[in-house]
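One chain, subunit A, appears in both complexes that follow, with subunit B as partner in the first and subunit C in the second.
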Partner chain A sequence: MLKLSLDRLNDLFAAVAADQVLYIPADDASGQARFQRWHDGLEMTGALNTVRSAKDFFFPQTENLVDFKLKGKEIEIIDPRTEHEDFVIFGVRACDARSFTILDKVFLVDPVDSYYQSRREHGTVVTMACTQPEETCFCTAFGIDAAAPEGDCSCWMDDTSLYLQPQTDKGQRLVDHLGDLLQTCDDSAVAAQQQSTRAVLEKLPFANLSLDGFDGEHLLELFDSEKWAELSEACLGCGTCTFVCPTCQCYDIKDFDTGSGIQRFRCWDSCMYSDFTKMAHGNPRLTQLERFRQRFMHKLVYFPANNEGEYGCVGCGRCLSKCPISMNIVKVAKSLGGENL
Partner chain B sequence: MSPETLIPKLGVVTDIRIDTPDVKTFRVVGLDGKKVFEHMPGQCAMLSIPGVGEAMFSITSSPTNTEFMEFSIKKCGCLTNWLHAMDVGQQITIRGPYGNSFPVEGALKGQDLLFVAGGIGLAPLRSVINYVRDNRQNYGKIQIVYGSRSKDDLVDYKEILDEWMADDGIEVNLTIDQPQEGWDGHVGFVPNYVKELEPDLNKTVLMCGPPIMIKFTLAGLKELGFKETQVYTTMELRMKCGVGKCGRCNIGSKYVCKDGPVFRFDELDELPNEY
Partner chain C sequence: MQKIMIAKAKELLQSGAVDRVLGWKTGEFAYDITPAVFETIEELEQSFVYDDFCGANLSKYLIKASRLDGKTLVFLKPCDTYSFNQLIKEHRILRDNVYVVGVPCEGKTDGETLKQHGIKGILGIGSQGDDFIIDTLYGEKTVKRADVLPERCQNCKSKQHVVYDELLGEDGQVLDSHRFDMVEKIEAMTPDERFDFWRGELSRCIRCNACRNVCPACSCEKCVFDNDASGIAQKAAADSFEENMFHIIRAFHVAGRCTDCGECSRVCPQNIPLHLLNRKFIKDINELYGDFQAGADTESRAPLTNYQESDVEPSIVYHKGGNR
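Moving on to the complex of A and B:
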């Protein structure tokens, strides 16, 4: 394990940024935490997590796929892809770190999505252990240990020091590059912190959220549940849950006329929207009930059925705090599991 | 840069056939005059006019056609309106092939086949029918039941009359919804016609058409004694990527673009009824 005195954190950021583009979670002008490109003096946020997830780094909200030039009946296809630059995301929480491995199961399976793959190859994920998880956190329900985050390099912070533990070759290269800034140390301070964090995690209100029975075998039974009507009744279809969600990955492809050509781009989309499945002959999901059901069935039943039981949720709690009608995946799981809301 | 399925290839439309008042069949080759890619019957391709849109269409021609691909397309939306308005020589973008196919080299081999189609639903089945005709020795008896609103709405009518009906060992049963001058064939809806024809129970059924036709034909077939494991269909849902990632055509744990579009009815029973 390696260690850095916290008063030299800015030096560490400077050393990383000298070599690669560095992003850290920091407060913006409105006081909201979001990942920002580091510049000298930019300080880390005191908030537990960023408002939006970190998925933008690998699956940006909008992204150009291919360009076209039109001339009469002729079309020219232009591949706009360029090598991405190397970058480091510092301070990713354990939940968001797990979301990357979930997105990998979508974008890196055959046929590989080359846009996503290039960003994954060029990005180094430096995670930060949580010490004060919030009441909306339920990562433990998905087997995530917020005190021992995954990633290329895992970090822990206490009042005086930052501790670093490289986990992959990329993480090792990063700490090698930092050289003399870091000193080796034993892991006693980190172990003590982990113990106290885990004690907090155990006591969180949703720590023991049960997902028993959410699997492919109960697919039709869960789909046909009468609970969906009550659960979805107040849903506005605003899609906020989808946009703050680190694992939501549905996208739209659209064309934009630039005046001198056509840009075909993809952008985040939401199964919560009425036109998501609308086509010339009709719409198989006519009401919000069906759209609402799709989002939760996908995360809790369909995705695990296709991915060896891995759920499409990491328990980050963003949808719990952002939904305007206070509906969320925890309530859905509890209600379908037989609890009264 | 690694190959990217979302970046299409170029095709050129070399022939446009007017099939019905709202269906045209487009012949497409690459800029080199050859087929853009190979496919199996039932597979689909993403066609696009940049700036207008991109959508999934079933490949109507048989893979045994070594010269070109054909797409029978009904005018029903923004992109299809544009396609219907274009002239020969227009370049389009094309990517694929996507999805699974009818098991022509598997479960269908050696079987007697019953094709049931309604309206533009003949488009994906035509690929199978012509594949089977070109590999006649591998399959048993062939029966085709095809219905449309009117005589004028029968897609590929000329090919049906000149080629399919002229083939020995192929029984073609056509029907139209309403009596019409100049039509002395069967009048009535496809589901009833299939029941009237009482096809042999050993036949494997391949069916495509409007949802209402599929629903009632399947019920009729079951009444006759057919099992769901004998009946295949091909599905249509909105798609954007074609490779099971954009999420649009997800039904249960399946993606129609990748795991379909061809399903056997017993497989559909395991999925939520959301299509």
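Moving on to the complex of A and C:
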């Protein structure tokens, strides 16, 4: 394990940024956290997590896929990608780190999404252990340990020091590059912090959230449940839950007419929207009930059924705190699953 | 008040005067309350709630609820009654199918606002006098209730119900609020400063459309931004100015109809002060055409849809310095 005195944190950021583009979670004008490109003096947020998840780095809200230019009777096809620069995301929480594993199962299986793949290859994920989880956190339900986050390099922070533990070759290269800035140390301080964090994690209201019954075996039973009507009745049909979610991965591909050509871009889509998966005949899900049901069936039933039981949720709690009408995956799981099935 | 409301709802359900009740339902925590329909006595007893966290404005749900068979009882806070009236004026709610019970409001807060005041790990919330006593994962915290009210309630425009069939508790007054103070500050900026201010705020937009979907003035059957055939339908910004345009166009569309209920800013996950755009229009309308409050009644014609030869030309008034 390696160690850095916290008063030298800015030096560490500077050393990383000298080599690669560095992003850290910092407060915005409204006092909430978001990942921002580091510049000298930019300080890390005190907030537990960012409003937008870290998935933005690999799966941005919009990206141009291909450009078409008309030249007489010819159509020129242009790949707008430039080689991606290497970048480091610092301070990713354990939940968001797990979300990359879930997104990988979508984008890195055949046919591989080369846009996503390129970003994954160029990005180094430095995670930060949680010490003060919120009541909305339920990562433990998905077997995630917020005190021991995954990632290329895992970090812990206390009042005086930052502790680093490289986990992959990329993480090792990063700490090697930092050289003398870091000192080796034993893991006693980290172990003590982990113990106290885990004591809090056990006390979280949803620490023992049951997902029993959410599997392919109960698909039709869940799909046909009468409870969806009540659960979805107040849903506004906005995209807040899907857009703050670290694992929502649906997108739309559209053409933008530039006047002299076409920019084909993709952008995040939301199953809550009226034209989601719109086909020639319209949207296959005509009511908000069906759209609402789709979101939770995808995360809790279809995704695990197709991915060895892995759920499409990491328990980050963003939808719990951001839904305008306070309806969320925990309420759905409690209402439909376990003994209620 | 919650007890009185439940008793009233039970009475009207049992007598058959109404077929359903639109109110608020308890959640997992003290603060995560959801708008809900109650059709039985059991449902009311189990989960009906009215407390400091029932901020959601129920008026817009009545567009749909008033078209169901039978009558719907709805509980409206003072500021919700303005939205209700405006929707009546726009022929969006069928008035005869709704029974409005006005309920008093001393301001509503939410979990997000408490967290902005540094409170983490909220397990339970109690109140004592003017304080909230909050049980958290990290010990007990006490905060002054008035300090943790969101902006819209700190600058409450009215405690008066402008429409009701029945009132529970005492009615209040239209208040002398400071709601235009921030608008004045923005007006005093140079054009460049103002542009930078709004670019900074609006660039955080993620196009979740929560502001539009919650807005009682946004009641189009199909929004132009959702209409593929419009040529401007977007789920995400195609360029860096697009989300700015979305909000500006929306503000224009609700100008003269926005009652300043503040739901847009309440639901924005990115804390964009969207209400300020609407308040600018309200302030301008007040200055140019005389004080006007959308939703105050169901009969009057709104200044922007009521041309009169004596109407001023805004650009000339402001060019000459207006009444400032």
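Going forward, the second predicted complex is superposed on the first by the 332 of 341 C-alpha atoms of A that agree within 3 Å, B and C clash if a C-alpha of one lies under 4 Å from a C-alpha of the other, contacts with A are read in each partner's own complex, and residues count from 1 in each chain.
Heads up, the rule we're going with is that contacts are C-beta pairs under 8 Å (C-beta built on N, C-alpha and C of every residue); 3 or more make two chains touch, one makes a residue touch a chain.
Bear in mind that the values here come from a model prediction, so they are computed numbers and not experimental data.
Visitor: Answer with clash or fit: subunit B and subunit C placed together on subunit A by superposition.
Guide: Fit.
Visitor: Let me test your reading of the model: by the given contact rule, A:269 touches which partner, first (subunit B), second (subunit C), both or neither?
Guide: After superposition on chain A, A:269 lies in contact with both partners, subunit B and subunit C.
Visitor: Thinking of the overlay built on chain A, is A:278 touched by subunit B (first), by subunit C (second), by both, or by neither?
Guide: Both: A:278 reaches subunit B and subunit C.
Visitor: State whether A:327 touches subunit B only (first), subunit C only (second), both chains, or neither.
Guide: Touch status of A:327: second partner only.
Visitor: Regarding the shared-chain residue A:117, is it in contact with subunit B (first), subunit C (second), both, or neither?
Guide: first
Visitor: Hey, in the superposed model, what angle do you get at subunit A between subunit B and subunit C, Cα centres, nearest 10 degrees?
Guide: Spelled out: centre of subunit A as vertex, angle of 90 degrees.
Visitor: Would you sort A:87 into first (subunit B), second (subunit C), both or neither based on which partner it touches?
Guide: A:87 contacts neither subunit B nor subunit C.
Visitor: Which of the two partners, first being subunit B and second being subunit C, lies in contact with A:29: first, second, both, or neither?
Guide: Only subunit C is touched by A:29; subunit B is not.
Visitor: After the two structures are laid over each other on chain A, how near do the C-alpha atoms of subunit B and subunit C get, in Å?
Guide: Minimum over all C-alpha pairs: 8 Å.
Visitor: Where on subunit A do the contacts from subunit B and from subunit C line up?
Guide: 252, 269, 278
Visitor: Which of the residues in subunit A end up touching subunit B in this complex?
Guide: 65-66, 68, 70, 73-75, 77, 79, 81, 106-107, 111-115, 117, 216, 219-220, 223, 249-253, 255, 257, 262, 264, 266, 269, 271, 276-281, 284-285, 290, 294, 297-298, 301-302, 305-306
Visitor: Provide the residue numbers of subunit A that touch subunit C in the complex, in ascending order.
Guide: Touch residues, subunit A against subunit C: 28-32, 34, 48, 51-52, 61-62, 132-135, 200, 203-206, 230, 233-234, 236-240, 242-244, 252, 256, 263, 265, 267-270, 273-275, 278, 320-322, 324-328, 330-331, 334.
Visitor: For the complex, which residues does subunit B have touching subunit A?
Guide: Contacts found on subunit B: 1-10, 50-54, 76-77, 80, 87, 89-93, 236-238, 240-241, 243, 245-248, 250, 252-253, 270, 272, 274-275.
Visitor: Within their complex, state which residues of subunit C touch subunit A.
Guide: By the definition above, subunit C touches subunit A via 27-29, 31-37, 56, 61, 111-112, 115-116, 120-123, 136-138, 200-201, 204, 206-210, 212-214, 222, 226, 228, 233-238, 266-267, 269-272.
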